[in-house]
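The following pair of complexes shares a single chain, subunit A, combined with subunit B in the former and subunit C in the latter.
The block that comes next holds the complex of A and B.
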């Protein structure tokens, strides 16, 4: 599994800028999407729809944190729901003790850092399938604690009645808040991915031994990456608990972590908008389609299988791929003797273009 | 490299800036619909007669069987009696939550905001029930619970709009079991084996308190994880404890038959065994068959009770489900429907808080559970049966009452204030001083 995910590294909508025009189209697309998202409550969407959009954005934030690790570090985590749950339980516990939302944020932050550090510490020596197993185990640990430590967590019943800030009280202000956090988190992860730190992470992903022999401290890079990803996951956990006013052990469950992976793979590993697309598909099937289709879990499974079979780079990844293939074809048609076999036009180091050139032949 | 980096950073910053400014500008004015009033709360007899009911239940996932049974029970009543009470039509919208609290909440929001239902029935699992109850109370919509057994639903998390209509809390339903074992049963010592999570802790706490308050002594309490399939080690521990009576509480499903197979397989005597509702539910009876005729258990539901209401319900369900006898989940759904119908017949169309108070002020004399009423915390007060497995004329197996405890409330012999001041039940706190 991990191997297959690593393979998809060649598909990245946002790498080093290839051509200014592609960059420009992407930026325009993003701006359009953002405007649509901002306009949503004004387009006659009901309170329920806006609240569902918040759910999608929160799931997308959490999926982005998984995507960051999987895309840049090749580390597929099966325990990220645990980090979000740790943060949510922190906020829940604080609210139970009668603390105001400000303190909830601090306790949630503390729990997030603690959980991320624990995850990072235990998993930084591992990679591939072992990384997956370690994160799965720590996730189970958090689930077990939530389930069994009933004096603090309320056991299976969970903690309810968790209130957010008063100025976030109405559903639409909260939607804008969630949207803002999602945009900022995505931007932050994108900036980190395109920094030297991100490049080193990809180096570690591609060849750990080479990076080590170059003098990089692989473990500290992995721990750092986990802390960054964990912080975003914790943020998503806090958003979720403020959205539902409720937290229970099922939010730390393995199936939740698996859902996150499904979102990331559906959307496209390592893509900027993949997590959002994946989250939208999963959340809508779960919450909207399930009202009309009895066997909606089967449907979700079918969608997943189809994406794996026919669009292995995910929805966002494959759409980008298709778009570029079309462009390359039209370009090749207009200047046949030009840069057809793909070498010359592509900037050095741009794997995608090289790959692209070979593919159609 | 540097130029790329700065450009990336600059454009990202610009995007973030634009986003922040637009968000600020737009949030200054609320979108249309944001100021719309919440669905009208509590009103009596307006615009003719129609009640829209939202029913949330896990009809897929791990709890699909129980979830479907709960829905079947509700539908069965309306199929049998017509979905109309004195000109008030009942329309039900069923939503699946897969046992997931977040989905449950979204579905509740959908039912309230989009379908504008008058009240919500369900869901099934404790954490989903508590999450939905908190939400429905915040939007002034009544929430009826046919099966959810969590004590706190009508204790620490009780509110004016949440009422448990078709089941009892874990501790409440098992408290008379302890009393029976220590008195009529004639046992002096007990060992307990309960599922190691909230429902098991509550069930065990009920039994243990009933047993000790009546002079019994609990020598050992053993806990098993819900996923246990091989119970032989637990059976050995029970043997080693050497108590007079063995009390076992599971949450239904496979653990019941698995435990019994291990217990009977070692040649132990079934006579000194007392199970909870769900370890001896219809699923267990169908699986184990005539091996367990005479097995005793304690529950608020007894399908073998001699009563007109029960007979009518059991016969109807047998016809619906290819001869199967209904268990507690079906009974909970059916009970809730028959209760709503009785209340509507007496009070006419009531919604909102009025519906809940109409239910809690009502005494249901001849329900399938017997004579039940409701306390100030909207919890059912009614009979609990000590039951024995018997084989019916139709070849099915029934839990038939051998002892009845009338008017059992949820406070286990305490005042509500004292009971609520206690910590919640856990392995380490079973309500004993």
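The block that comes next holds the complex of A and C.
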């Protein structure tokens, strides 16, 4: 019984912030960021910087897929690097067989769907800690296969020399391509989060038993959510392997998955910009700070611990909170802050009920 | 497998069984600590592998210095115990009762410990020096098997029996069992459950430290080992049922044996074979073989 209480509390501490005005600010910020991102290669950024920006965007895409599950479903996955790696290995294998990039995409897609389905199938019965452990275990399984099945994966050396489409050859066209994919993926996840499907997921996050008694098939929702999230993760895997032309077992390792969680928590679970912010911080610590500080993983670990202890909402979430508090203070005298009632979180079943109520029959 | 060609089949089988049992014994040292902590505190301690790693490194260093395995084990227990005590009192108490932050916090701790181990002990694989390992080998007919691994099996059995006795026969064990069943009542009866938690966390970490030092005589301690052993321990306790010590024992032996035979027969799928039983257990009996229904 005590387990139940614990679960409910967890959900509350890690849920997304209320989405009303924040969303609007987010959109404005996002538009601003987008303009800056498009302008980046023209602002005299070196090839290295643009390439680093691509790395950040790819990591952010992957982190968004983790964020989608964690924010809406309350399912914290510790194995998403495995899905990305499955996709990357698919592309790598296809390239090794001499297939063109178009075929690489197809094989990568197949691997992504297969891996996501496996993850979803094994994890759909679980929630909370069990979910985390099952995804961790499946991720390690993929790592193990990448490592040991050397006849296909090249073992520890991985697969190198994977070529992308010719029209994506130069680093800046690829940067724009990555940017486009990231924006589309983020938009898609945002739309799904705000659809009835997303609302049902949040309902399952908040109370699985309630949703079950309302007639929702909790397991199929979880599986569906995993397939969506996994598809985005696979996309990120393909982008990563085209970016570096290389894939090795470490891309499926636990460390990668932990990095993703760090990004998501650091940025703010369930926020739109969180994954990008988190990815930017982590990738920059990893790639820039690491040349000055030997012990950067320690630093990253400490930052992570501090965020969990003191800023649970993450950077984007805390900024949003601060913004709302300032706003509330500026008009403190005028009116008490009122949240839109019901709104986004109402499951489609409720809408039905209202509709039937209005019906004269 | 040149062994397959030169040695008759029954000897090979016996050897693999012993390999499986000794690896299972090591897994039990790891998994029992993890499952005890989960049973009482409802925390899956993701830093457990890092505790194993830290214990292993310290054990190897002290064993090399003193040439005495017992001193090495004690040093490892003390060092890891103090680390675990600090982690529990300074960090985990702040997020008590919040499932996900607790787990994520231990992930962060694991990160830091593993990186600091790399800084202090370097990246080279480390093993217990031969001088502290029990020398010689058991020889029965064609079968030759190192005494050290048999000692590991004996040690795990002894620790398992000791844990069972402490849990069922002593006052401390009664407090822990009561804490597992109902925290509120036991704290209302005047037991400071917070310190019981801290104590259990330290005991769990100490078991990992013993595993690390003893295990360094069987497999190398090196960067990344923390994730590998954590994974095995997680699989074991998922199969056995979270919180169940008998479950951990059965799961350890099962996974140990499966792993040994898989490594001998189908090394390319070595990881795959330990996940198959886990997946089956998850599908058909999600609470594990010995787990209580939630």
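Criterion: the second predicted complex is superposed on the first by the 307 of 361 C-alpha atoms of A that agree within 3 Å, B and C clash if a C-alpha of one lies under 4 Å from a C-alpha of the other, contacts with A are read in each partner's own complex, and residues count from 1 in each chain.
Here is the rule we go by: a residue touches a chain if its C-beta (ideal position, glycine included) is under 8 Å from a C-beta of that chain, and two chains touch if they have at least 3 such contacts.
Quantities reported herein were computed from a predicted structural model and do not represent experimental measurements.
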item	value
Room on subunit A for both subunit B and subunit C (clash or fit)	clash
First (subunit B), second (subunit C), both or neither touched by A:125	second
Partner chain in contact with A:31 - subunit B first, subunit C second, else both or neither	first
Touching partner for A:216 - first (subunit B), second (subunit C), both, neither	neither
Touched partner set for A:151, first subunit B, second subunit C, both or neither	both
First (subunit B), second (subunit C), both or neither touched by A:117	neither
Which superposed partner A:134 touches (first subunit B, second subunit C, both, neither)	second
Contacts of A:47 with subunit B and subunit C, given as first, second, both or neither	first
Partner chain in contact with A:304 - subunit B first, subunit C second, else both or neither	second
Doubly contacted residues of subunit A, that is, touched by subunit B and again by subunit C	147-148, 150-151, 294-295, 297
For the subunit A and subunit C complex, residues of the former touching the latter	2-3, 5-7, 9-10, 13-14, 76, 78, 122, 125-126, 128-130, 132-134, 136-138, 140-141, 143-145, 147-151, 253-255, 258, 261, 265, 294-295, 297-298, 300-302, 304-305, 308-309, 312
Contacting residues of subunit A [partner subunit B, same complex]	16-17, 27, 30-31, 34-35, 38, 41-42, 44, 46-48, 51-52, 55, 147-148, 150-151, 154-158, 160-161, 170-173, 176, 179-180, 183-184, 187, 190-191, 194-195, 240, 244-246, 248-251, 286-287, 290-291, 294-297
Residues of subunit C that touch subunit A when the two form their complex	42, 44, 91, 94-95, 97-101, 103-105, 107-112, 114-116, 119, 183, 227, 231, 234-235, 238, 267-272, 275, 278-279, 282-283, 286, 294
Complex contact set, residues of subunit B against subunit A	4-5, 7-9, 11-12, 15-16, 18-20, 22-23, 26-27, 30-34, 36, 59-61, 95-96, 98-103, 105-107, 109-110, 113-114, 126-127, 130-131, 134-135, 150, 152, 157, 196-199, 201, 423-424, 426
